[in-house]
Structure formats: structure tokens, C-alpha cells
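The two complexes that follow have chain A in common; it is paired with chain B in the first and with chain C in the second.
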Partner chain A sequence: MNEAWRYFLVFFGAALVSNILLIRFIGLCPFFGVSDSLETSLGMSISVIFVMTMASSVSWIAWNLVLEPLGVGEFLYIPAFILIIASLVQFVEMVIKKTSPPLYRAMGIYLPLITTNCAVFAAATESVKPGFFTKLNIAYHYGFLEAVVYSVGIAVGFSLVLIFFAAIRERLKDAPIPKFFRGVPIAFITAALFSLAFMGFAGMFNL
Partner chain B sequence: MDWNLVWKAVISLASFGLLLGALLAIASRRFYVEVDPRVEEVLDVLPKSNCGACGLPGCEAAAEAVVEGRAPVSVCKAGGPQVTAAVARIIGVEVETGIARVARIHCKGGIAVSPLRAYYQGVSSCRAADLTGGDKACPFGCLGLHDCADVCPVNAIVFDRQGLRRVIATRCTGCGLCIEACPRGLIELVPVNAKVISRCKSQYVGKKATGVCRVACIGCRKCEKACPRNAIRVENGYAMIDYDKCDGCLECAMVCPTDTIEIWVEMRGHPEGGEFVVPPRKKGGKESS
Partner chain C sequence: MEEKKTLWGEFKKGIIDTNPLLVLMVGLCSSLAVSTRVENCIFMGVAVIFVLTCSNVIIALIRKFIPDQIRIPIFIVVIASFVTIVDLTLKTMPAVYERLGVWIPLIVVNCIILARAEGYASRNEVRYAAMDGLGIGLGYLLVLLVMSVFRELFGTGKIVLFDTTVLDLKTKSAPVILIMFPGAFITYALLSALLQWYQLRRKRFKGGESE
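This part shows the complex of A and B:
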């Protein structure tokens, strides 16, 4: 398997085949919370791509340089990664606030939300333990670049589905829906159908 | 128990914490953004509903603009005179406060007085309904859907009993967003202490107006003649009141043959602060049948 092909597989495997929202059902809270309008979901998506990539790469470094060599990774990865993600998000928020106020205004409100987003934690965990949340226990170890590509893939998959779903929900607002299904119920049903559609990617390619 | 492992865990996590804590501490110094404390204070007194009536993106932007002098202290239309006064106190300038204005919907032709000419089953929006001409016989009246209520940031616009929309004056902040939303231009800002209001914008006159709505303004100009201060004018077939001149003598409401002009009666303890009522007709005038 050549190098570029492997990155391609890692990326699309993360984005589509095992999509974090529709196949693994992680990070559903923002999926329903901010998919009300296209605008907010775009802001959220950009923030998530940004934070997820950073959090995963720093978590990968912490795992491979500190936790794993010391032999404490197995039981310490949760507090360690949460610590890393939370401080990183705070740090990034401060930097953006200082260096780019317009970007802060666009992204600012979503950053604190992402601090406690399980999808970010899942991306960080899976970039050091592939297949952890799908209980597949793939005996594979991502290199640093692969881990970064993997987390970008997860984030892009998240954004893709979030933006699609927001577009659908915007149209649902004007659709003649039976009274009892209006609002969140029809959104749940739509998400379920959406998820079924994504099942079609399963087994397309594996890593 | 493997104490070695425990120590490793404690030390590694503690060092993570210290390292990240130090990073954050340094960052908070290094990337500290000077914020004028007055911005926070101004933001505190603004309504924070982010209605956008000031033309700035949100209350925070408005607060910054006021402090930097890019906007007047009366920037917040929604907040009215109280907010203007509070902002002025923080900035330290004197300001004379005007009378608060509230939105009023200039139509009283409910289903009881204005018959339906069709049943509308399209998209539930006045804008869409207006394209079809509406379900009402009167082509100028309130369509009774929810465009204005949708844009209202304070939920001040509610359903009337008669399939119309009504503004709750005590909730309305006068931001004016609903004015743009109404495809028939029925909403106007009226001083909160206005005594009379002309509740029709029908451009039809005479029989044609009453043919589609019993309480329509027929453009008879009786109110114009009755007004001692020339505050009322009939243009385009309906009466308009100039509240700068109106002193609330109620003459116009008394002579109105179709009861289009109503009197605002303040009622203490009333949830909406008062009600519009139809005035007693002046005796001696020619009664309309």
C-alpha cells in the first residue's frame, strides 16, 4: 500500500465510513443543538475542524512521549486528554481574541462549547487508539501525520453531516409537516434516515 | 500495590496540569485584550436581545460603538428612553429623553367585520399570502399570519381574537423590526401616550371601503374638519394622525362614522396597560346606517 493511498484511506475512513455523528453517534449534542441554521452550523464546523486537529495532535504527542512510555496511559488517558483539550481551547480562544477579533466574533461563542464536546475527546482518543469507540481494537498504530489526517477526517465528516443536516432542517421549517412531528421529532427521524444512508459506506474500504 | 505506577501517574498528570496552567497564565498576560470597562457597563444596561435595530451586529457591538463615540448614546432604539438615560449616565453626557414609541398595527378589520373572499392554504407567511392577494376581502388589511411576530425579539405581537395581530404595548420596545416585516405596511411606531389611533389603511373610499370591511376608513374627512389642531389628515383614502400636533382632545374619534379611529384608554392593572375602545358617537351628527 503506498503512502498517499494510505492517508487517503485514513481520511475517508474517518470522514465517511465511520462517520462520527451518523455511524458512531458521538457528538450528537451539537448535531441537534446548532443545526438550526446554516450559518451557526458553518461557524461550529470551522471551530470543530480547528480544535479537533489541534487537540488530537497534542494528545498524540502526550500519549506517545509521556503516557505510554511511563505505562500509565491505559488508565490516565481520560483526565490527561480532557485537561489538554480544555486548556488548549482556552489558549486558542485567547490567541484568537488578541490576534483576530473578526474571527473571534465568528467562532468565539462556539469555542467554549467545544471544550466539553465528546466528539473532540473521541477524536483525540481514537488517534492514539484506533477503533476504540467502535470496539474494533484495530491492532494498528497511527504515526503522527496519520493521526493528524485521521482527526481532520473526523472533523470534516462531522462538518459535512452538520452542514447537510442544517440545510435539511432549514427546508423542514417550511415543509408541511404534521403538527406532532414539527421541530425536533422530525429532525430525529431525518437524522435516522440520514444515518441509514451513511450505512451504505460501511465496508467500502477499511484500514 | 505498585507504588511506582501510582507515583508515575501522579507526577505525569501533575506536570501536565502545571505545564498547561503555566501556558494559560502566560497566555492570559501575553494576549490580554484591553477592554474599556465602560463597554461592560453599557452592555449591562442594554437589552441584550441582539435585535439589530441599531444597525450594528448585536448589543456588544453597539456597546463598543457607543464607548468609542461611533454611535450616539441613544443607539438602542429597542431600549427606549430608560436605556438611553442609563447609557448616558455611564458615558457621562446629558441627554433629553423623548417619548417612547411602540409599534401599532393599523388594521381592525377582524373576521367579524371583514369577510373572507377565499381560503388561503399556501405557505404560512404574510409575504406569500400577499402575493395571492390574501384571503380577506379587503386588500389592504392585516393578513393575520405571523411575519411580524416572527421577527419580534420580545414576543410583543400576539393573536387577536378576530384573526388579527395585536401589539402588546407594555412588551414592545419600539425597535421597528416588524415594520419591515409587514408586506402591507400596516405597522407604524406611535408614541406610547397617544390618545387616539386611526386603525385602517384602506385606500378604498366610501362604499367601496365599507363593502369589504365594516370598520374601514372611508376617507370622509370628518375627522380632518373636527380636529382643532390640524393634526389629522386624509391621504390616499385613509386618515393619518400627526402625533406631534395631536393633543388628545378625542374630537376625531367622536365624529368617525365607521369607528375606525379608536381611543386608547389606560387601565391600571391591565396586562397590556390599557385597551383601544370605540368612542361614543357625537349626537346631532348624521348617523350612518
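This part shows the complex of A and C:
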């Protein structure tokens, strides 16, 4: 298997085959929270791609250079990663606020929300322990570049579904839906159909 | 409803009025993923009750010493320590950890726990915080049980609890879709539609308005 193809498979597997929202149910709270308008879901997507990639890279470095050599990874990874994510988010927020006010206006309100987004934590954990949250690619150690590609893949998969879903929900507002199905229940039914469609990716390229 | 806070009242409200999954809509991820089997739900629910109650108590104890600016990181560290305890404890049961393990570390970012720490434990007395943790945790467990009984019973045709078959429908063509990914969404949608239907009906009885 040549190098580029392997990176593609890592990306494809992370984004579509084991889509973080629909196949693994990670990160659903922001998914149903912000997906009722296209604009907010775009802002959320950009922030998630940004934070997730950074968080995974820093976690990978922390795991491979600090936690693992010291032999404390197994029982310190939860507090370590969550602190990395929380401080990173805070830091990114401050930097953006100082350097680019328009970007801050677009991303600012989503950044604190991302701290408790389980998808970011899962991506960080997965990039150092592949196969931890799925049965795929088990017993395999990602290099730094692969870990980054993997987390970008997860983030792209997240954004893709979030934006599609927001577009559908905007149309649903005008649809004639039985009264007790309006709002949350119909959103979940839509998600179920979406998830059914994504199950079609399972098994492609033996992933 | 009475204004005065009672221990029982704080406990009870978490189960119905502010049920974390159905009303507050927090902590959905884990509930959808683990509700394929009743057995998983029991372990998951107990783990959440433990972490939630302990972190609520600790945070309520130290709430007067926490500087406001760094309260979130402090909450997270408290929660992460209890999650680590649960994580290491469950590792002694390999069969359970195999099925559930991935969701245990994720309790740390489970919105229920941080939301209760921020919204309740950091501004209430210890005994109320403890009751709130127990109540909210029990509300979580109950919804989980309803979902998993529905999914396991109709998805596989029987309920297996600790290697014994508790209930058997004796069917050969169970709709497997219910224990697969879309089934989780469908089950939750039905449950929340049921709740909405109940609320609409209650409102109509009380207000007498027709619409």
C-alpha cells in the first residue's frame, strides 16, 4: 500500500465509514443544539475543524513525548487530554479575539461550547490510541501525520453531516408534521434516515 | 409547586421535571450508544450516578474557595478524577469493559455532569447537591432502561440479563434495525414524541383551549 493511499483510507474511514455523529453517536449535543440554522452550523463546523485538529496534534505530542515515556498514560490520559483541550480552547479564543475580530464574531460563541464537545475528546484519544472507540484499525499506532489526517477526517465528517442536517431542518420548519412530532422528534427521525444512508459506507475498502 | 427546598423535592425533580435526557437534552451521546442492551445500561447508569453524585458533593464542598475565572477547569479536574476511578474499576471486569469501555472515559465530557456542577452544585449546599446528583442520575438511568428494554426486546426478540434470558418473545424475524445505529435515533424520537404528546394533552386539559 503506498503512502498517499494509506492517508486517504485513514481520512475516508474517519469521515464517512465510521462517521462520528451517525455511526458512533459522539458529539450529538452540539449536533442537535446548533443544527436548526444553516448559518450557526457553518460557524460551528469551522470552529470544530480548527480546534479538533489542534487538540489532537497537541494530545499526540503529550502522549508520545510525556505520558507514555513516564509510564503514566493509562491513568492520567483523561485529565491530561481534557485539560489540554480546555486550555487550548481558551488560548485560541484569546488569540482570535486579539488578532481577528471578524473571525471572533463568527467563531467566538462556539468556542466555549467545544470544550465539552465529546467529539473533540474522542478525536484526541483516538489519534493516540487508534481503535479505542471503534473496532477498526485496532492494534495500530498512528504516526504524527496520520493522527492529524485522522482528526481532520473526523472533523470533516462532523461538519459534513452537521451542514446537510441543518439544511434539511430549515426545510422541515415549513413541512406539515403531526403536532407532537414537531421539533426534536422529527429531527431524530431525520437523523435515523441519515444514519441508515451512512451505513451504506460500511465495508468499503474493507475498512 | 412549593417554593421551599426539601431533600425529597430536589431528588424527585431530576427524575421527571428536569430529566437530563428528555427535558434538558444533555448527555445524549452515551445514552444512544449503550442502550442496545439492558445490561450495559445498568452499568452505565450506575457509573454516571457515582460520578455525578461524588463530583456534585466535592464541588459543593469547595464552592466557596473556587475563584470564578477558573471554575470550569477545576470542575473538570474533579470530574476527571472520579471518571478515572470508574475507568480503572471497570477494567477489572473485562467482558463489561469490552462493550462499554469506550463510553466510560467519555463520561468526563458528558454534558450532564458539567451542567450540574456549573448550574447546581456550585451554588447549593452539600446535601442538596448530593440529592440532585442522585435524582438526575436516576432519571438518566430510568430513560436508559426504557430505551434499552424497547430496543433489546424488539431488536433481538429477547432480553438477556447476566447470561440468563429474562424475557423471550419467541420470534424469528425481529427487526434488527432497532439495535443498529438508526434504531437508537428512532427509539429516542418515539420517546420524545410521546412526551410531547403527553405535555400537549395535559396543557389542553388544564387550559381548556382548543388549538
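Going forward, the second predicted complex is superposed on the first by the 202 of 207 C-alpha atoms of A that agree within 3 Å, B and C clash if a C-alpha of one lies under 4 Å from a C-alpha of the other, contacts with A are read in each partner's own complex, and residues count from 1 in each chain.
Here is the rule we go by: contacts are C-beta pairs under 8 Å (C-beta built on N, C-alpha and C of every residue); 3 or more make two chains touch, one makes a residue touch a chain.
As the structure is a prediction and not an experimental result, all values here were calculated from the model.
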| item | value |
| --- | --- |
| Partner touching more residues of chain A, whether chain B or chain C | C |
| First, second, both or neither for A:K97, with chain B first and chain C second | first |
| First, second, both or neither for A:P79, with chain B first and chain C second | both |
| Which superposed partner A:L70 touches (first chain B, second chain C, both, neither) | first |
| Which of chain B and chain C A:A192 touches, first, second, both or neither | second |
| Touched partner set for A:D174, first chain B, second chain C, both or neither | first |
| Touching partner for A:A62 - first (chain B), second (chain C), both, neither | first |
| Contacts of A:I114 with chain B and chain C, given as first, second, both or neither | neither |
| First (chain B), second (chain C), both or neither touched by A:C29 | second |
| Contacts of A:S87 with chain B and chain C, given as first, second, both or neither | both |
| On chain A, positions contacted by chain B and by chain C | 75-76, 79, 83, 87 |
| Contact footprint of chain A on chain C as seen in their complex | 25-30, 32-33, 72-73, 76-77, 80-81, 83-84, 87-88, 102, 105-106, 108-111, 114, 177, 180-186, 188-190, 192-194, 196-197, 200 |
| Of all residues in chain B, those that touch chain A in their complex | 5, 8-9, 12-13, 16-17, 20-21, 23-24, 27-28, 31-33, 57, 123 |
| Chain B contact footprint on chain A (complex, rising order) | 62, 66-67, 70-72, 75-76, 79-80, 83-84, 87-88, 90-91, 94-95, 97-99, 105, 174 |
| Touch list for chain A against partner chain C, complex | 22-29, 32-33, 75-79, 82-83, 86-87, 115-118, 120-122, 125, 132-133, 179-189, 191-193, 195-196, 198-199 |
